[in-house]
Amino acid sequence: MKDIFVLMEHRRGELRDISLEMLCGASQLGGNVVAVLLGSGVDSFAEKAAGYADKVLYVDDPMFENYNSEAYQKALSALIKEHQPGLVLIGNTAQGVDMAPALAVELGAPLVTDIIALEMEGDKPKPTRQFYGGKLNAHMTLKDAGMYILTVREATFQVGEPTKSGEIVKVENPVKEEITYRKFVEYVEPEVGEVDITQSTMLVGVGRGIREDKNLPIVEELAKVLGADLAASRAVVDAGWLPPDRQVGISGKTVKPKLYLAVGISGAFQHVTGMKGSELIVAINKDPDAPIFSIADYGIVDDLFKVVPKLTEKIKELKGA
Amino acid sequence: MSAEEISFIEKYDLLGCIQCGRCTGGCPVSMRTHLNVRRFMYDTQNEERLEELSERPEIWDCTTCYTCAARCPKGLEPLEVLIGLRSLQIEEGRIQPTVRDALESIFKDGNPWGSPRAKRLDWVGDLDVKVLEPEAEEVTDVLLFVCCTDAYDPRVMKVAQSLVKVLQAAGVDFGIIGEDESCCGSEVRRLGEEGLFEMCDEENVELLNSFNVNRIVTISPHCYNTLKKEYHGLRHPVLHYTELVAQLLEDGKLTLNKEIGKVVTYHDPCFLGKQNSIYDEPRYIITRIPGVEFREFDRCRERSLCCEGGGGKMWVESESKAERLAEIRVTDAKEMGAEVIAVACPFCLLTLEDATKVRGIEEEMRVADILELLAEAL
Amino acid sequence: MNMIVCVKRVPDTAESEVHIDASGRDIDKSRLSFGINECDNYAVEEAIQIKEKLGGKVTVISLGGKENDEVIRMALAKGGDDAIRLDDPAFAGSDGFAVAKALAAAIKDLEYDIVFTGALADDDGYAVVPVALAELLGVPHATYVKDLEILEDGKRARVGRELEGGLMEYLEIELPCVLGIQTGINEPRYASFKGIKQAAKKEIVVKSAADLGLDPSEVGEAGSWAILEKFSVPEVGEMAEILQGDPEETAAKLAQILKEKGLI
């Protein structure tokens, strides 16, 4: 079996979790696992990756201090052409998705994005991904080719203990010319509001099921009685019903409160990613098939407009007692 | 543009306005917002100002209750001028996102609540209700036209369920349209989306005419008003449920056995009272419920205070922070010693019940549709 | 500023149950309503706002059958100028790559400064089209774009990409380029019914694979990177313990649980 390339992802001085997750996933497939690290002065990342990889290809160049999909694509395509891996794994992240399709087009390699499970049939991957916001799994068959590219959803693979000690091979930056048509400028932090939901001990998460912003008082009341803060799904923030700093999920905050009470949240992957680490998850949703119930500890399948006011009432009673 | 503006003056007969101010004098929302409808009757005569006027937020405060029109000595309909201004904003696409979503949902799924058509019958639950077939040979007496709010809003569903129980108790032969039922478009027209309303009119008339029924009964006064007065070519007579139920009681087909034992007042919905002069039937029904002590609001019948639920206001947030009319209404009810405010409109039900919560009197003041009281008294 | 917006018509499954059909490779769409893909709606708005500010032309492109005309007309009603629909039985079963190839073939001979697409599709979630399309056209790209400013020279743009955790990555990109738009970048306007009807008078140019110079083997399932073999219903992990009873009872049970866990 040919080598498996795994692209290391880092941002602002941190090696992102997805990198080691993919290395661990790749190790289960058979074949040499090669971590590809493009960065500037990130030796510690190379060492960390070496614990999970058979080899680390490390390009150390100021060009890679911040992510630039064009520079990444050029470097990666040169390394791939040189080393001829059979499979390339890239994070299905804002970085990975911004580059992988272009790389696949350039190299003529079949790509499947956002995979959540992976099996191999010889040299050929058989990935599973999701359609319709996670309501269905899709089993994909790739076209026959010499190399395949997959982008892997975060948390698809678990990170174990480092068991390898791969050789770290520093390679010269294959990209010689400066990229002028796309330049990194800066990072801008999301605005921080009055409440930092990442620090909250209890959160009431509000989803599309609330229907209108004028229905918010019923969850606000519940949150008040509980002493919890309000969090929101993307839909609620996009609608402007709650400010962006309340958003939980991939493009929002990752929260780990003692209690996450999901109200009218269906549990789309992008939201669940941000709150599944909560200690106790309770979901109230009228759709019994809502994916949120598969990660919740307790669920109530009923109309939130009926349950939430009752719950507020009951909590008030218990607090009074 | 100029052709449109000329038609604006003609369309609303603006030059007929004598600026007497009776419209603004009677306007319930002028108590709490900047809306001055008399000024709009004057200012919109200036074609060049139409765009600027249409951008004024207060045009969205109008609840289209019809008080201004009812009071106009010249027979004009000032509220229609405000709807006309809303139309200009609709055409520009510059509307509140909630209004946009409601209208898009009607276009896509036939209801303003963003719910799929496949869930339109969820309200039926375990009830045994006949779904009518178009062009059926057999005549069904009553086609029950279920308002979107009754079909999808979990609170208001109980009203539709109550109506089913009442009709079944009275042995009425009735059926519903089912998943193909679509929004009547009353709020669509009042939000100024004329084109979409025309679609509602055409499609619903064709659909409703395809059923072999004697009459159509609506739950919402808004549907009633629209089907009866604004549709073109509907061949079935349209009744509000209060008309049908009052008749059933009078004919002795509906017997009420259980005592309610409450002081009940009745809030006249604008679209039933002011706009369609149905005042007596609801009162007739309420006073026949055993154990009810009926008390009238001071502001009742023609003078009834609007709850601010109509005119598309379910989707428009007013900038005014002043006390809502619904809050005044529930306070009035409390002061006169009422325990139940009976309503006959889904919007009144939602706005008044909400007001009891805002006022913190939801424990002592119940808001219920007449149908719910009836179903309990069966 | 000449702009092209690619729009997709998708079934609305957010609040509906989804059932796999007899083929096992598609879903039963008979009870679903359809509309414009959510990100694409923001892409349309972004293009029209730029046109209103800087002038220019907006061309709407969609791949699909006649039923797509509705979403195209909606975009035209909002301010789009021209429309092209790519329609050919050979396009059936296209993945993101095959769609990008068809779009690239239609776009390559047009004059454009920016091609807008949605960042990802609500139905398949591939998120491939903007980036693959840019590569095929040979122009720079950025996706997950949630902020956009055309710089004064009109030859570059300052683009904000939304990363995990809500962090914004700003970059400068040369035009022409392809931008994959994320929801929330703007507030999409309403397309009035009258506007949509008037837009029906505008011609929608229909192009087949042959018109685009594409061989059937390059498009559709044949031209895709991957085909969908079959759907399955995701296995639910350990399901939540569902509290039974009416709202009164379930609320009481839940409150008790929260108390026992020391949360109240």
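The first chain written gets the first letter, and so on, giving A, B and C; residue counts start at 1 in each chain.
In this text, a residue touches a chain if its C-beta (ideal position, glycine included) is under 8 Å from a C-beta of that chain, and two chains touch if they have at least 3 such contacts.
Just so you know, these numbers come straight off a predicted model, no measurement behind them.
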Subject >> Centre-most chain, if every chain is reduced to its averaged C-alpha atoms >> reply: C
**OP:** Write down the chain pair with more C-beta contact pairs when B-C is set against A-B.
**Re:** B-C
Original post:
Distance-wise, how many Å sit between the C-alpha centres of subunit A and subunit C, to the nearest whole number?
Top reply: 20
Original post:
What is the distance in Å between the mean C-alpha positions of subunit B and subunit C?
Top reply: 37
**OP:** Express in whole angstrom the distance between the two chain centres, defined as the mean CA positions of subunit A and subunit B.
**Re:** 47
Subject >> Residues within subunit C bordering two or more other chains >> reply: 15, 17, 187
Subject >> Residues of subunit B engaged with two or more neighbouring chains >> reply: 97, 114
Original post:
For subunit A, which residues are shared contacts with two or more other chains?
Top reply: 240, 303, 306
Subject >> Complex contacts: residues of subunit A adjacent to subunit C >> reply: 11, 66-70, 92-95, 97-102, 104-106, 110-114, 129-143, 180-190, 202, 208, 226, 234, 237-238, 240, 244-245, 247, 250-254, 258-259, 266, 280-283, 287-289, 291, 293-303, 306-307, 310-311, 313-315, 317-319
Subject >> Complex contact set, residues of subunit B against subunit A >> reply: 97-98, 113-114, 154-155, 315, 317, 357
Original post:
Mind pulling up the subunit B residues that touch subunit C in the complex?
Top reply: 90-95, 97, 99-100, 103-104, 107-109, 114-119, 179, 193-196, 198-199
**OP:** Spell out the residues on subunit A that touch subunit B in their complex, using ranges where they run on.
**Re:** 211-214, 217, 239-240, 303, 305-306
Original post:
Tell me, which parts of subunit C touch subunit A in their complex?
Top reply: 13-15, 17-18, 20, 27, 96-97, 100, 122-132, 134-136, 140-144, 158, 160-174, 182-184, 187, 224-234, 236-243, 247-248, 250-252, 254-259, 261, 263-264
